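Some structures to go through are shown next.
Each of the next two complexes has subunit A plus one other chain: subunit B in the first, subunit C in the second.
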Partner chain A sequence: MRIAVASGKGGTGKTTVAVALSLAASEPVLYADCDVEEPNGSIFLRPENERTEEVLVEIPEIDEAVCTSCAACARFCQFNALVSLGTPPLVFPELCHSCGGCRIVCPSGAISWKNVSIGEIAIGKSDRGRISVVQGKLNVGSSLAPPVIRQVKTHIPEDSLCVLDCPPGTACPVIESLNGADYVLLVTEPTPFGLHDLKLAVDTVRELSLPFSVVINRCDEGNDGVENYCAGERIHIIARIPHKRSMAEAYSRGGNLFDAIPEMRDLFRDIPRMIERGIAVE
Partner chain B sequence: MKEIVVISGKGGTGKTSITGCFAALAENAVLADCDVDAADLHMLLAPEVIKKTDFISGHEAVVREDDCTSCGICMEKCKFGAIEVNSEGKYRVDPFGCEGCMVCVEVCPVKAIDFPPNHCGEWYFSHTRFGPMVHAKLGVAQENSGKLVSTVRREATLKAKELGRDLLIVDGPPGIGCPVIASITGATLLVVVTEPTISGKHDMKRVLELANHFSIPAYVIVNKWDINPGMTGEIEADVVNAGAHPIGRIPYDRAFTVSQINGRTLVEETTGAVVENITTIWESVCQKLK
Partner chain C sequence: MKIAVPSPGNTLESDVDSRFGRAAGFVVYNTEDETFVVTDNNQNLNAAQGAGIQAAQNVALTGADVVIAPSFGPKAFRVLKAAGLKTFLCSGGTVKQTIEDYIAGKLSESDAANVEGHW
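And now, the complex of A and B:
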């Protein structure tokens, strides 16, 4: 079962929840950090024996001796990654989506592929080998997170428990992370920003037809807006995490939820089973 | 014209609350919210929308079932795995997987794939009590957030010129990827809001690397600094080592949440030390712009 942990708003506690689910699970689990722009899970899980692999994408390389400067590739490219001014085209790698279209339309066979690195995957073990940790990391200056997320997901075995820590927002990196998930936990906080962005996240998971429930973090701060919204929309609230200064301090040092609130461990251990039994299915 | 972009790397560090304060303190500015897939600044500034414009960007492939011969070439050539085939051998494009590259349209031997323009969201020109504002809403599960960010910045810049305003204040998105890069390229300076946690520190370092990559000066605020004073000191040392500049600390204060609930900026909500801190930081930022 793949449980994705997402939120519209950043900083609501996605990583705290995803790490807690992994630590509390009563079986082997894979934690996949899909927040590849700012991956933080390893700070809390401290994986050992990490090996890394590069994330390579293909970009066009123009053989200028063969190119006739016809500009068919530049006209075709939907991402403006090739520009030709009556010359062999210039390639802008950071705009290229590696779709292969330029190579298909080039009438003279002047385009080949070369690999460029846009990120890195780190694979390690945590909690004496029980938790497999796969972390994707986008190179600074590279713009395209989705290929890194796709490569993270190639490391997820079928039929095992997997927790995906998603990026914030509702745009392409989130859609890429949610694709293939069986269930989504939306983490929010009871503030106007938290509620507003929760509604966007709910619209997104409903658009993708994914079952979901809500985790309210710092549940005793703020106001009743999130509770009232969930009640009105008949959205199940699967967990409420209280605000404690001790939690904020533990988090600041790289501590996890159970360092501050050990009594929450049982609930987080049971969440995968609750989802399986359909208790929390919308 | 000068442009300040507020970013953070990590989400939830207080970007929007601080941008709201800057909006309240600034004179003669135009405001822009470039966090287009989870925009929140409007909740503090209560913009009155003057003009709404559809954001059409890119295209989406759609198979015409009646004309499709089920040859499967589109599926073979699609690099995004966005073409699906059902048990009856009918092909369709998964709209969430499609990146709009047009390869399937090109390779289809019977030209059975349409390629209509994509309605990805909308953007707004609005009035607020602190001046004009340009903001946007990306459609649910839509692509092209980077292009929508570029549109918001371009329109805000045009508005500023038209109205004779000399400063643009931009609330940026979290992360370091496409929408962040679209938010910061060409900016005068960056205000980076972080928090004294290991995650905040880790994410801030990546944002400062990005600032260096694009050669934009960066000034760092440590928000909620008193949650972990030791970490705050470490972060400020890292800031200097990264070639950026600490520009102030803001204590943890429940007034941030209260002001959000009341739909006001913090400087309108309360007085005292936290407001003095922010006002001093704003004055320092203005000095740096000169």
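And now, the complex of A and C:
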């Protein structure tokens, strides 16, 4: 089962929840850090024996001796990655989505592929080998998170428990992370900003027809807007994490939820089974 | 000679737009017959990426020889140079004043992008 932990708003506690799910699970689990622009799960899981692999994408390379400057490729490219001004095209690799269309429309065969590295995957083990930790990391200056996320997900075995720590927001990197998930936990906080972005996240997972429930972090702070919204929309709240100074202290030392609130371990251990039994399905 | 200046308006009295790639449009002034045309750049206002590239292409297609703006991003600059345009820096004011300053030789040529992308 693949459980994705997403949020809309950043900083609500996705990694706290995803790490807690992984630590509390009573079976082998794979923790996949899909927040490739700022992966931080490994700070808390401290994986060992890490190996790395490069993330390569293909970008066009123009053979200027063959190019007739017809600009067919530049007209085709919807991302402005190719520009022709009556000249062989300029290539802007950082805008290229590697769709390959330019190569198909080029009538003179002047375009070939070249690999460029946009990131790295680190694969290691935590909790004496029970937790596999796969972390994607996008290179600084690169903007294409989805290919890195796709490669993270190639390491997920079929039919095992997997927790995907998603990026914030509702844009392409989140959609890529949610693709193939069986269930989504939306982590939010009881603030107007938390509620606003929760609504966007709910719209997103409903559009994708994914079952989901909500985790409210720092539940005793703020206002009751999130509780009222979830009640009105008939959205199940699967967990409420209290706001505690001890949690902030543990977090600042790289500690996890159970270092601060050990009594929450049973709930997080049971969440995969609750989902399986359909209790927390919308 | 044709001189392009980014502007949110459509007259010579309009202000210069502080942004190049995401300017609403360009006023292109022809020094020979002292007329001007306005080129729309609206499709770039909300582009996630590549606005400067597209804007630079739009300007190049007007047949401009010179483009004057308060700033040029790195990608726009690369396209403008590939198109063989001269790039000059101004500090705001109206389109008319900017063009007069250029003709009077008061503006300096820009030999590199002077802002980061998405500044």
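What we mean here is this: the second predicted complex is superposed on the first by the 282 of 282 C-alpha atoms of A that agree within 3 Å, B and C clash if a C-alpha of one lies under 4 Å from a C-alpha of the other, contacts with A are read in each partner's own complex, and residues count from 1 in each chain.
Heads up, the rule we're going with is that contacts are C-beta pairs under 8 Å (C-beta built on N, C-alpha and C of every residue); 3 or more make two chains touch, one makes a residue touch a chain.
Bear in mind that the values here come from a model prediction, so they are computed numbers and not experimental data.
**Q** If you stack the two complexes on chain A, which partner ends up touching A:Leu85: first (subunit B), second (subunit C), both, or neither?
**A** After superposing on A, A:Leu85 lies in contact with subunit C but is clear of subunit B.
**Q** For A:Ser143, is the partner it touches subunit B (first), subunit C (second), both, or none of the two (neither)?
**A** A:Ser143 contacts both subunit B and subunit C.
**Q** What is the contact status of A:Gly8 with respect to subunit B (first) and subunit C (second): first, second, both, or neither?
**A** In the superposition, A:Gly8 touches subunit B alone.
**Q** Which partner chains sit in contact with A:Ser69 here, subunit B, subunit C, both or neither? Use first/second/both/neither.
**A** In the superposition, A:Ser69 contacts neither subunit B nor subunit C.
**Q** State which residues of subunit A lie in both footprints, the one left by subunit B and the one left by subunit C.
**A** Residues 79, 143 of subunit A touch both subunit B and subunit C.
**Q** How about subunit C: which of its residues touch subunit A in the complex?
**A** On the subunit C side, the touching residues are 47, 49-50, 53-54, 56-57, 60, 75, 78-79, 82-83.
**Q** Can you list the subunit A residues touching subunit C in their complex?
**A** Result: residues 79-81, 83, 85, 87, 90, 92, 95, 143 of subunit A touch subunit C.
**Q** Across the complex, what residues on subunit A touch subunit B?
**A** 8-12, 15, 37-38, 40, 43, 76, 78-79, 94, 97-101, 104-105, 138, 140-145, 167-175, 179, 191-193, 196-197, 200, 203-204, 207-208, 221-223, 248-249, 251-254
**Q** Residue numbers of subunit B touching subunit A in their complex, please.
**A** 8-13, 16, 35-38, 40, 43, 58-59, 77, 79-80, 96-97, 99-103, 106-107, 138, 140-143, 145-146, 173-181, 195-199, 202-203, 206, 209-210, 213, 224, 227-228, 231, 254, 257, 260-261, 263
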